[in-house]
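Per-chain numbering from 1; labels A, B, C, D, E and F assigned in written order.
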Amino acid sequence: MNPYEGLERPPFVWNQHKDVPEKVHEWIRPVGEKRPEDAEAVLYGVPLSRSSISPSAASAFPEACRRAWRGFTTYNLDEDVNLSGLRLYDLGDVKQHVTDIPQCHQNIVDASADVKRHHPGSVSLAIGGDHSITAMIVKGLKEAAPDKTIGIVQLDTHFDLRDMRELGPANGTPIRNMVESGLVKGEHIHNIGLHGFFNTPDLKDYADHHGIHYTTLKQARKNGVAETVAQALESLGGKVDCVYFTCDMDVLDMAYAPGVPATTPGGMRTDELFEAALVCGRHPKVMAMDIVCLDPEKDVAGMTVKAGTHVMLSFLTGVAMR
Amino acid sequence: MNPYEGLERPPFVWNQHKDVPEKVHEWIRPVGEKRPEDAEAVLYGVPLSRSSISPSAASAFPEACRRAWRGFTTYNLDEDVNLSGLRLYDLGDVKQHVTDIPQCHQNIVDASADVKRHHPGSVSLAIGGDHSITAMIVKGLKEAAPDKTIGIVQLDTHFDLRDMRELGPANGTPIRNMVESGLVKGEHIHNIGLHGFFNTPDLKDYADHHGIHYTTLKQARKNGVAETVAQALESLGGKVDCVYFTCDMDVLDMAYAPGVPATTPGGMRTDELFEAALVCGRHPKVMAMDIVCLDPEKDVAGMTVKAGTHVMLSFLTGVAMR
Amino acid sequence: MNPYEGLERPPFVWNQHKDVPEKVHEWIRPVGEKRPEDAEAVLYGVPLSRSSISPSAASAFPEACRRAWRGFTTYNLDEDVNLSGLRLYDLGDVKQHVTDIPQCHQNIVDASADVKRHHPGSVSLAIGGDHSITAMIVKGLKEAAPDKTIGIVQLDTHFDLRDMRELGPANGTPIRNMVESGLVKGEHIHNIGLHGFFNTPDLKDYADHHGIHYTTLKQARKNGVAETVAQALESLGGKVDCVYFTCDMDVLDMAYAPGVPATTPGGMRTDELFEAALVCGRHPKVMAMDIVCLDPEKDVAGMTVKAGTHVMLSFLTGVAMR
Amino acid sequence: MNPYEGLERPPFVWNQHKDVPEKVHEWIRPVGEKRPEDAEAVLYGVPLSRSSISPSAASAFPEACRRAWRGFTTYNLDEDVNLSGLRLYDLGDVKQHVTDIPQCHQNIVDASADVKRHHPGSVSLAIGGDHSITAMIVKGLKEAAPDKTIGIVQLDTHFDLRDMRELGPANGTPIRNMVESGLVKGEHIHNIGLHGFFNTPDLKDYADHHGIHYTTLKQARKNGVAETVAQALESLGGKVDCVYFTCDMDVLDMAYAPGVPATTPGGMRTDELFEAALVCGRHPKVMAMDIVCLDPEKDVAGMTVKAGTHVMLSFLTGVAMR
Amino acid sequence: MNPYEGLERPPFVWNQHKDVPEKVHEWIRPVGEKRPEDAEAVLYGVPLSRSSISPSAASAFPEACRRAWRGFTTYNLDEDVNLSGLRLYDLGDVKQHVTDIPQCHQNIVDASADVKRHHPGSVSLAIGGDHSITAMIVKGLKEAAPDKTIGIVQLDTHFDLRDMRELGPANGTPIRNMVESGLVKGEHIHNIGLHGFFNTPDLKDYADHHGIHYTTLKQARKNGVAETVAQALESLGGKVDCVYFTCDMDVLDMAYAPGVPATTPGGMRTDELFEAALVCGRHPKVMAMDIVCLDPEKDVAGMTVKAGTHVMLSFLTGVAMR
Amino acid sequence: MNPYEGLERPPFVWNQHKDVPEKVHEWIRPVGEKRPEDAEAVLYGVPLSRSSISPSAASAFPEACRRAWRGFTTYNLDEDVNLSGLRLYDLGDVKQHVTDIPQCHQNIVDASADVKRHHPGSVSLAIGGDHSITAMIVKGLKEAAPDKTIGIVQLDTHFDLRDMRELGPANGTPIRNMVESGLVKGEHIHNIGLHGFFNTPDLKDYADHHGIHYTTLKQARKNGVAETVAQALESLGGKVDCVYFTCDMDVLDMAYAPGVPATTPGGMRTDELFEAALVCGRHPKVMAMDIVCLDPEKDVAGMTVKAGTHVMLSFLTGVAMR
């Protein structure tokens, strides 16, 4: 019995990919070993998380993010911006080692410098990995352009100023690492979104002593998170050559982001974060960013992975609007 | 040893149901084959979701919704309205076929027309099912009352204007289906709540070309979502004979509604949605509504099923307040 | 556009239930307040679990079991037995109280006696509930037929012989409760399936002192679990008037039954348990049984609920084969 | 092969605890059998939840809360307050019985009175357990200080005014229990946060009849939840000798608190609740509080346990700010 | 501060793929539009599951299976067989339609015929999808080689002989579909592994009437499942030109395979299934196989996806041993 | 209203611990800084898993194991052995570093040597942690007793013979690490339980070349896993001074142990593993053991944590039976 007998049909086809990119994975091209000369933006994965204080599978986010691209179009309806016009390439992942964390970190420094040298005018996005990578990426940027001063906009629940002598270059120390190694001055750092019972008083003292700017979430909400970020950028804009935007996904409230190593209540909402990321992307001095501490294995219903991916796209919307 | 010896006890009873309805499942009466003449509102399930783009168990929502009634009373404390005075009947489910999607859709058309003919003055609620059912229900309404013009208020993350020639009558095409089949005019459609990277530019062009009204969530929040919906209703009220309210549960933020086929970040909050549903229910021209694309199998902690059920009750509160 | 235009269709129908029972829920009829005279077997729910040592939602199993019936046909293919010929009725649930555990227990005693008096020749199945109910059901049976001696076949990881003075009539004490209250003699109790580190030595001493028979899972597997159960029944058959079969679902290995309050490794497999239940059902002296300590809220993928339901059907297959 | 050969190393150490408390578990000292004379605040667990209407493992929250302390520092960055200066002691758990609920409740009454007598000037925190414990704790307070009038600030989705004759001292009746036993006057009770379809009209009538104050979440949000609580405290301050703050975690929205027995949509956000708890802690007449109906076994990603723990710390921040 | 200063390091590298295949995903090459002439075996995905009786995401298994390849090496240690010598190609997925199930099925028929014509001597593996695809694949094989008689070895909990007139070409009807359309004779079908209460008596009657061979799991275990399959193959070998092996993953016990639409207790263990798949692969007349009804969205801990992937590799081990 | 009025009650008590140990956590005493002279066995945690190939939270198992003790009594009913007579002490955890893996490993070497020197006649149990720790513990044993030859009994799905030059001292290399560093001879190693597609041929070649004994699970089952282990011990007994038993929890089937970094189908059952652990514990030459690669964060229903804890208790039962 053939239930379809007599119906005319078009010639059968095997599944094929689309020519015109609609979804993000159809737009962002992996480049393999080649280095495109015309990149407006480049993206790479940094699958390192064994340097985290508590167990973390943030090393799985680069791949999870790429898979999540299938669920997003290139078109930002709110801003009427189509990202597909932006020439963004995926350089692949920085190689990591199973037990040699110093080697992992050096690879990230080298990769960051390498990217900066090959794509000096491009905006670069690093998909982490844990927060320890931020200090390494900034070190690489500095190696490639030693005379540029760098400012930092950080969205985070934590100061990330813990003692290097206790933890080494872990995900609790990147900001201190950069300050102590002279990569970035304290007064060129703005941390926005801190809240609750997740820092110790000595870290606040350290921040005060080094002139690091910080705004709790509660304070930031008075003018709005995006406006607070805009003011930080404006303030930095007159003082530094370029700005690095580091987005620790644990800044989000646990209801929106269960998939981070130490998810907390009382944090930011995703709509606030997306708006802030767009503001960063739009600012002409922001030349690099990272998304860190997103652990897909702790996620619930894929929501944190989607939120992290949306941060990347919101940032790129800002870049496209420059 | 008898630990209870000597204690006097009331005569033992087997479990029984209550006479006075307190919970929703004690209030809404299933009618079986009978057709009550005095219905102020009727409700039926449409357990079809094999017409969804991605795998969906939205077909399980009618039963899940009925079970969730046990967790809700009939009394809306915020509005001091007791729904139990409303004569609402449950007509059961529209019969579906395992592999014949056209037959499923025709059954829905027939059921909708049947309901309209038997209960012309009643408000009808369809518990989906995926969004493809909306076009079928509206087609049935039109068949039963061909000279009435129908307007649409849609709460959705998506336009649902994708190409029928590519997808057929799927959950991505119902609005286009209605426009192209002449059931509803573009200018009689208001879509509220769109956001993010979940539509393509050609769909916006289509909407613009056909005069479909749409308001992104960001825009809607400027005056409040409920107020935006109220304005859409007011605008429609002068132009159409009746209004159909379609609530795609994917309009909600993933933190509030993980149980939809493609849950997204950056969406609506439940308090906004419940208020909007009440506003729709209260408007005298809204004669039918549906709740679609709620997949109980993807739910977390039963929260999306509860949210969908609350939408139904908020809408009914509005109806009771007319 | 109507994509189905021109296709002939059968008259539309609303969903309906089948006349000939194929699934278990179509076969087992709820009786409400009526008492069928022709029952070969009767079934009732005992939704009590607040008497459990650790938090338990075993009170939710009666409803969960009834819902699971939809996933089982009445036909046992292995034995070529169709249960639908058996006149089995569902009497509903024994009424429980929220804070008065003695009242709950008395209701169970009364219900059990009531069932025995109305259906003296029927096999009765109690769907628990926690193991504390067993002592109450047996007490009810004894009240209804005081001159009958009762033997017990118990499948359990535990002795359930803990001290009444410490715990009261909890799920750790039912067997001791029955022994100490004189309902059942120690030598008329056979416990099969104990294993691991889940009992204390004083309980073994108590069992030895009262002549309670017990066989660890390891010992039982030497001849097979079903054969061990068959021998226990044969031994009891010559000594008692009727046998009560109590199945504590925690006898199963955690891989097969995560949904019990204290699931353990090293337990029974479901194929062993189903076979044992059938052997019990087939024995002419087994007049009542219960299934206890199955907590649907702790379940994974619905597997324990399905296993518990299968135990009921395996037992009934045995009854049908008598 | 020794990969570390030649590296100098500090002498190896076994893991040790810190001297200076940074995390909450390093600060709050368990006292065992001793009774510290210098306590500014005391805390105890009340692991009872078998008195809940639906199955609940709220009895597991005291231990879960203590474990969660490891994820919180003692330092509230928002308020720049370090709790470690507060002398807070953990008295352990009130003993419970497996099947004797009246005994459980009496133990709570006795424990509460005992705490009040030993620590008359201390603030006491009870970590529940279900809401039935509130009436018992207040009874104990009254026994220890019979001439003090007590007011109640309640954050709850429900009235908790259900009929004692139907449910006994369950988690749906504590407020009625206190009113009917004369412990607290209706007009000294303020319930804030009610919403949705989770109460019956007769409960509202009861509240109205007894002059109980209640503010729905929607009303409370007009001035802000914290401000509404502050006004309730101010109003109570002039009328009663001391205020008891009872926080039913089900007041929270399901997106923020899936781990409660009957989680609902449309509830409070955690930022609102934390602010309200701080306001309560800061008020000099608030001498005791509880956190109830938090079921860790229903939790998702540990978020409700963290939220409950944060409520405790926010309240203590207020106490430290007095 | 640079914690790695002074350490010599190899030149940094970006991540790269291996030349010599160790993992399955490094071995199986996707062919895109090309058709390799030297294929010993070919594999393709059939992502259709909207033809399933209950909601199913079996359409997601082809991609899930490919991702799972990363967790398996090409080397079968038990048999000391390295699959990497086998020339196996991945042809991609058969194109599916969102709402036109007949079109989906026709595409599968066409794809199967296309594969057979291009690779007449190769063994072909179809990664489903639901069981409805089996009838379509066999139809395609028959179209490409009309004069060959085909036998079936089926591992299944169900007969899959339900009435086409009721369900159409769904996942409950494929075997009947083939018998009624004359593709395969009843006596050339062997179904092994049936058990429990998951079939109706009329299906057994149908099987008996058409001479279909079936062996319940209980019977099969007497000689061992693999031996039973070997006997079926031997019996078929003398009667048909080639054998098709269809593996419905629901044959497995729920403890081993929660990720199927209707997982059941009392089923096969994975070690039995893997051995049976190897026996099929080794038999020279088995020219095609499929793996169906594996729903990754219902999976727990990825275990069913891994089991399905292992079935594929066990079968291929047999092929390599020919 | 006081519902308990008139009832006499015993004096209220706060919760207290028992004097006579019944549960494992009441028996095993933590020693803090003291070193008991009379230890028959000692236990310590090794919370290191950042040296794992894939992300692992095996570092959380020591604490999870200690918590799981509450669910086990000290009494092995199968063997009628009460462990509480054994003087076993818990030495606490070996200190770990966040980013300095060599330091972590050195600490383990030092701790192991320290334990051996202080408790030369005791059996020592290390609760891992990942498999990299095994080489470190054995190195420590060798440092403390350099003239003793050590044999290994390994239960594992993998050879764990991967190349140190590629991975360093990771969880894929411990056996090779020991062979290459001369700690253990290849012929003194017995690996039992390998199966499936989870090793590469070069590892088998390495094993063959170094005379490492290995038995696949399939082979081991012919005589029984426990008997195979007994034979390995007997063979080793004549050749070495002492035997180290290393239990990689990934040897278990995924249905029994989802909580390991790379859970596989086709593995061992828990009853086989427990029996094997007892056989090891009973052999007089087995002086140390570890349990590794159990990741509690990947667990389902706590079953792997319970299985790992049972392995420890089964091993100790053997020790007690010596």
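The rule is simple: contacts are C-beta pairs under 8 Å (C-beta built on N, C-alpha and C of every residue); 3 or more make two chains touch, one makes a residue touch a chain.
For clarity, every value in this text was computed on a predicted model and none was experimentally measured.
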Task = Over half of interface residue numbers shared between chain E and chain F means same, under half means different, so which is it?
result = different
Remark   = Given that chain C and chain F share one sequence, their CA atoms superpose after a rotation (degrees, nearest 5) of 120
Key: Chain separated most widely from chain E, comparing mean CA positions   = D
Rounded Å distance between chain A and chain E, as computed from the means of their C-alpha atoms = 41
Message = Touching at least two other chains at once: which residues of chain E meet that condition?
response = 168-169, 255, 298, 300
Message = Applying that definition of touch, give me each pair of chains that meets it.
response = A-B, A-D, A-E, A-F, B-C, B-D, B-E, C-D, C-E, C-F, D-F, E-F
Of all residues in chain C, those that touch chain B in their complex = 1-4, 7, 9, 12-16, 44, 91-96, 102-103, 105-107, 110-111, 114, 139, 164, 168-169, 177, 180-181
Task = Under the touch definition given earlier, write down the residues of chain C that touch chain E in their complex.
result = 22, 24, 71-78, 80, 82, 255-256, 270-271, 274, 300-303, 306-307, 310, 313
Remark   = Contacts from chain F onto chain A in the complex sit at residues 49-53, 55-57, 59-60, 97-101, 132, 167-170, 172, 297-298
Ask   = Residues of chain B touching chain A in their complex?
value = 194-201, 204, 216, 218, 253-255, 258, 262-266, 298, 300
